[in-house]
Amino acid sequence: MRIELNGRPHELLEGTTVAGMITSVTGSAHGSAAVVDGEVVPRSAWSDVALREGQSVELITAVQGG
Amino acid sequence: MRIELNGRPHELLEGTTVAGMITSVTGSAHGSAAVVDGEVVPRSAWSDVALREGQSVELITAVQGG
Amino acid sequence: MRIELNGRPHELLEGTTVAGMITSVTGSAHGSAAVVDGEVVPRSAWSDVALREGQSVELITAVQGG
Amino acid sequence: MRIELNGRPHELLEGTTVAGMITSVTGSAHGSAAVVDGEVVPRSAWSDVALREGQSVELITAVQGG
Amino acid sequence: MTDPFVIAGVELPSRLILGTGGAPSLHVIGATLTASGAAMCTVAMRRVDAATDGSILDVIDRHAVRILPNTAGCRTAREAVQTAQVAREALETDWVKLEVVADERTLLPDPIELLDAAQTLVAQGFHVLPYTNDDPVLARRLQQAGCVAVMPLGSPIGTGLGIGNPHNIELIVSEATVPVILDAGIGTASDAALAMELGCDAVLLASAVTRAQDPVAMAEAMALAVRAGRLARNAGRIPKRFHAQASSPTEGMALL
Amino acid sequence: MTDPFVIAGVELPSRLILGTGGAPSLHVIGATLTASGAAMCTVAMRRVDAATDGSILDVIDRHAVRILPNTAGCRTAREAVQTAQVAREALETDWVKLEVVADERTLLPDPIELLDAAQTLVAQGFHVLPYTNDDPVLARRLQQAGCVAVMPLGSPIGTGLGIGNPHNIELIVSEATVPVILDAGIGTASDAALAMELGCDAVLLASAVTRAQDPVAMAEAMALAVRAGRLARNAGRIPKRFHAQASSPTEGMALL
Amino acid sequence: MTDPFVIAGVELPSRLILGTGGAPSLHVIGATLTASGAAMCTVAMRRVDAATDGSILDVIDRHAVRILPNTAGCRTAREAVQTAQVAREALETDWVKLEVVADERTLLPDPIELLDAAQTLVAQGFHVLPYTNDDPVLARRLQQAGCVAVMPLGSPIGTGLGIGNPHNIELIVSEATVPVILDAGIGTASDAALAMELGCDAVLLASAVTRAQDPVAMAEAMALAVRAGRLARNAGRIPKRFHAQASSPTEGMALL
Amino acid sequence: MTDPFVIAGVELPSRLILGTGGAPSLHVIGATLTASGAAMCTVAMRRVDAATDGSILDVIDRHAVRILPNTAGCRTAREAVQTAQVAREALETDWVKLEVVADERTLLPDPIELLDAAQTLVAQGFHVLPYTNDDPVLARRLQQAGCVAVMPLGSPIGTGLGIGNPHNIELIVSEATVPVILDAGIGTASDAALAMELGCDAVLLASAVTRAQDPVAMAEAMALAVRAGRLARNAGRIPKRFHAQASSPTEGMALL
């Protein structure tokens, strides 16, 4: 299954949840969050929301700034 | 006929128009304008709009300021 | 023997030295110094210089300031 | 006769006065003055003071400034 | 050099605009208009008061000065819009100095209400000259809304504190597409000159003149200062230097 | 209102004094003299140079402006005194702008040498106008020495930094018994206006005009600014206030 | 004297808040956090980048400093709200430094979008600390909207111009009902001290430390300056006087 | 980093020097000495007064602070020299803060008398720390005369006006061969920090602490401010910029 992650194509196993995707990409459940097709996914729903083919995902974390 | 003019009771003849009222109070058709029951009356309509019993009129002019 | 000390008459025993005068007035050999008839008396000479009748002495110390 | 004028050798006829020197160099009796061997020569004395061989003369005028 | 000052296609004969509030008498206003050669003067809109002797309008007519009604005293966009409409009917001009202030203590403009009123009035065909704070972003927004000038403050009305933040005025000027008029805070002539040197196109002031000890002399001072500042801006001032630079020649020194 | 400007019993027609150094040509100097209406202009004293075309003196004559020779370039009282003597003979004036500077980098006056030279020149009958720093004590000493004016700097010569320490200028003005002329540091018109508002009697400037991109326009700007500042000083400016004060009436508001 | 600094009921151990942008390395950030004893530090929200070594979050964790995500880079209320929501999920905090800037050149806040975003976020349960301009009216509006602090700028981000308009900061402080945090424009220690003396409750700065030649030394300087300014504010400074007042006694002078 | 502060070969433990005049009691002086960690404190020389309870000398002894007698109140070089001689005999130190003021109203130094006194005292073996105005030329002359430090004013004694002319202080610092100590005029902590940022080696102040509403808190504030300013000077501040520079990254923005 292919999604767009931060503007680039990204392969995921079918049924990967937001929680799974975040952990697999960042190695941690902390410090980042996702916007799926323009909607911020609440942390409490990460394990329940499965990603789908073609979705656009922004995976965002904290960087130096401000 | 009684209207309220600038917050005080004011007697007018029945059928007095805005134009008539302005001229009678200020002595001139220039330099002032009226708001009748919250609506600014365009200068072009002054002669057509007759005032009615009980209306609230603000008669406004230029003073030193700003 | 009478001298003028800081603008006022002051009685001293004949033969009082600058050292003696300073100690008797201030209770200490430290922290003050004297100007006798317009001359600053060096600390090293205090025990040698005897005051004389009628001399004008300024006895000066440190105060809050500056 | 040779003098030093403003730091350079300058030939003059014997007996040339300060007045003569100034007029010959500047074309005018106005707007400049001379210092001869370190002394400012008063305008009133220009016609009386003859220059002598070897004297050092500063001939000074007004320029843009200040 | 011609250096015309144009607002909304109208060329004004002077870069000084006078407020008329605070003057001790109509006579003094007339005299300050003469002394200042002002292009335009502002008036406020208030209830007709039969007890008043004489009218500011007669004074303005006599001096052939353009009139600019303001919306002073308004706290909301709604009030300001209605005041502008009244002024248009009363004074037969669609020019308006738009003021929407937030409180009595500072008389600072409320940015939200101000922008809202400006948008509404532009849509109704007014030529809007908004009294604004010195925020370059709000100034830009007001221009985008169609205002024919922007009038940032130097400091709060009547304080005489001069130009509190020259950097902001420079930022506003650097990107302005309409005339920038320094409005409010001017205390003395050098403040007005500085406003022009920062690049403002004109200065609007009231209290600095009307409440001076000698209003007529101060009016003349302001007229001269605005001209001085404009000329200086255009003349290209010398750069600031840390060290000195001699203005007399260093060559040709006599040996004394 | 008459407001004459008098130095040593001589009334001068303007409160602006121009330095002539730094100008690109004699022609420009002439034009700035005209544009500024200056009362007086300074010149430096240097060796006659046959290679020079035209003379500043001709320009000054043509404009009927009073001449004020300076002692620019002098580092000691002795040099300055001799330069003043030369100037007196050359230009037939006993007025002198006394400059004794301490170094090239700052061109600041040397207070010890300056006072010494002033005392000597006064004793020799000169009318001395000393270029001094902004120290109120030195200004007082120079007045006690018999100088006919004191000319404190705003900031170092040619820097265009304006008036670095207005407090000192106010202190000098507050006790001056002779005219105070702000000399050096002026960069633009508002600086000149401010000098006058602080109470100076006149302004002397050179680089601000002669080195501006358009010297003639800047000369006119300075003339206007000096007049503006003087008028404003005399007109009695409004006090500075922390909070705002309305310039439009708070009564008579319509109910909208 | 206890002088606790409390935002939204949370007492913070320092009145200095550090931005982490502009630092040469994570190591330097750690060292500046230590040297400054900062209470809290800001971070920006950006796409996860696999190429990045180490994380600012680890550094912040190690130093046990509170984290404050910002919405830097957002131009509209919509973007800012969404960024705040992402930050809340990512960092498990509902505190947010709200930035909505209008352009790249000035990075000044857009007052309309800022207020809109603040209202939305407060309604969603956020604790909003808005980066705002120095307009007292906008600061008031943001407080009315429920912000837990207001963070006016001294001057534009990264300029180091210090506090451009102290009068406005004083006006904001004088009526604030929540902490006032001076944010942006600080260049050096005296700027930070001045901010506190004007009555600000804290200072937020980034570039002044992270881009200094020696960031760690500057971090320590800022910590000291903030404490100095706070103490001085509370200590009640002497009034400013035009004339001198002796600090040594005038009595008891010896006759010398 | 070691950053020792050395005068005449003596390393002092702090860059803050306190004057003791104006304090409400000896007890308060003691507390401010403790709170400030001052390196040295000044005293004036006056007639012994039997009516006085306690002595400033005991307080200074107890706090192990170096003493610096001054010549406050002297108007001539002769008086100042004699006062310094008395102080040397009384306090057994050849360090002296040399003050020769010109009048009561400004308490400004008389440049002529000051230099004269400095030359005399140096010849007599004193270590002279002159209180001088902010004239770079006089500061240079005092150094040439052999003074071990120069102590320019920020503004007149007791005024709290801060540093009136930072440009002059920078000029003095730029060529100083001995420590520069900002003396007089400091009103609050940010003034002291600024003095150090301009490059001064230390700050001397009295009224700002002794006449504050809470002298002890202000003493601590000044100690912190001096350290902050020194660190900031050495840390290399960011340059001032006209336009903004983002402190958050402009890359990696999410598409929201």
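Here the chain labels run A, B, C, D, E, F, G and H in written order, and each chain numbers its own residues starting at 1.
Here is the rule we use: contacts are C-beta pairs under 8 Å (C-beta built on N, C-alpha and C of every residue); 3 or more make two chains touch, one makes a residue touch a chain.
The model shown is predicted, which means the values in this text are computed figures rather than measured ones.
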| item | value |
| --- | --- |
| Other chains in touch with both subunit D and subunit F | E |
| C-H compared against C-G, more contacting pairs | C-H |
| Most widely separated chain from subunit A, with each centre as the mean of CA atoms | D |
| Subunit B-subunit D separation of Cα centroids, rounded to whole Å | 91 |
| Rounded Å distance, subunit A centre to subunit H centre (Cα mean) | 61 |
| Rounded Å distance between subunit A and subunit F, as computed from the means of their C-alpha atoms | 72 |
| For subunit B paired with subunit E, centre-to-centre distance based on mean C-alpha positions, whole Å | 32 |
| Where subunit H touches two or more other chains, by residue | 19, 21-22, 44-47, 70, 72, 82, 86, 106, 108, 161, 167, 206, 242, 247-249, 252, 254, 256 |
| Touching two or more other chains - residues of subunit D | 6-7, 35, 58, 60, 63-66 |
| Interfacial residue positions of subunit H with respect to subunit A in the complex | 247-249, 252, 254-256 |
| Touching residues (chain side subunit B, partner subunit E) in the complex | 6-7, 25-26, 30-35, 40-43, 58-66 |
| In the complex, subunit G residues that touch subunit H | 1, 19, 21-22, 44-47, 49, 70, 72-73, 78-79, 82-83, 86, 104-108, 156-161, 187-194, 197, 206-208, 210-215, 217-218, 220-222, 224-225, 227-229, 231-232, 234-254, 256 |
| Of all residues in subunit A, those that touch subunit H in their complex | 6-7, 35, 38, 56, 58, 60, 63-66 |
| Complex interface listing, subunit G residues touching subunit A | 19-23, 26, 29, 42-48, 50, 52, 55-57, 67-70, 72, 82, 85-92, 97, 99, 206 |
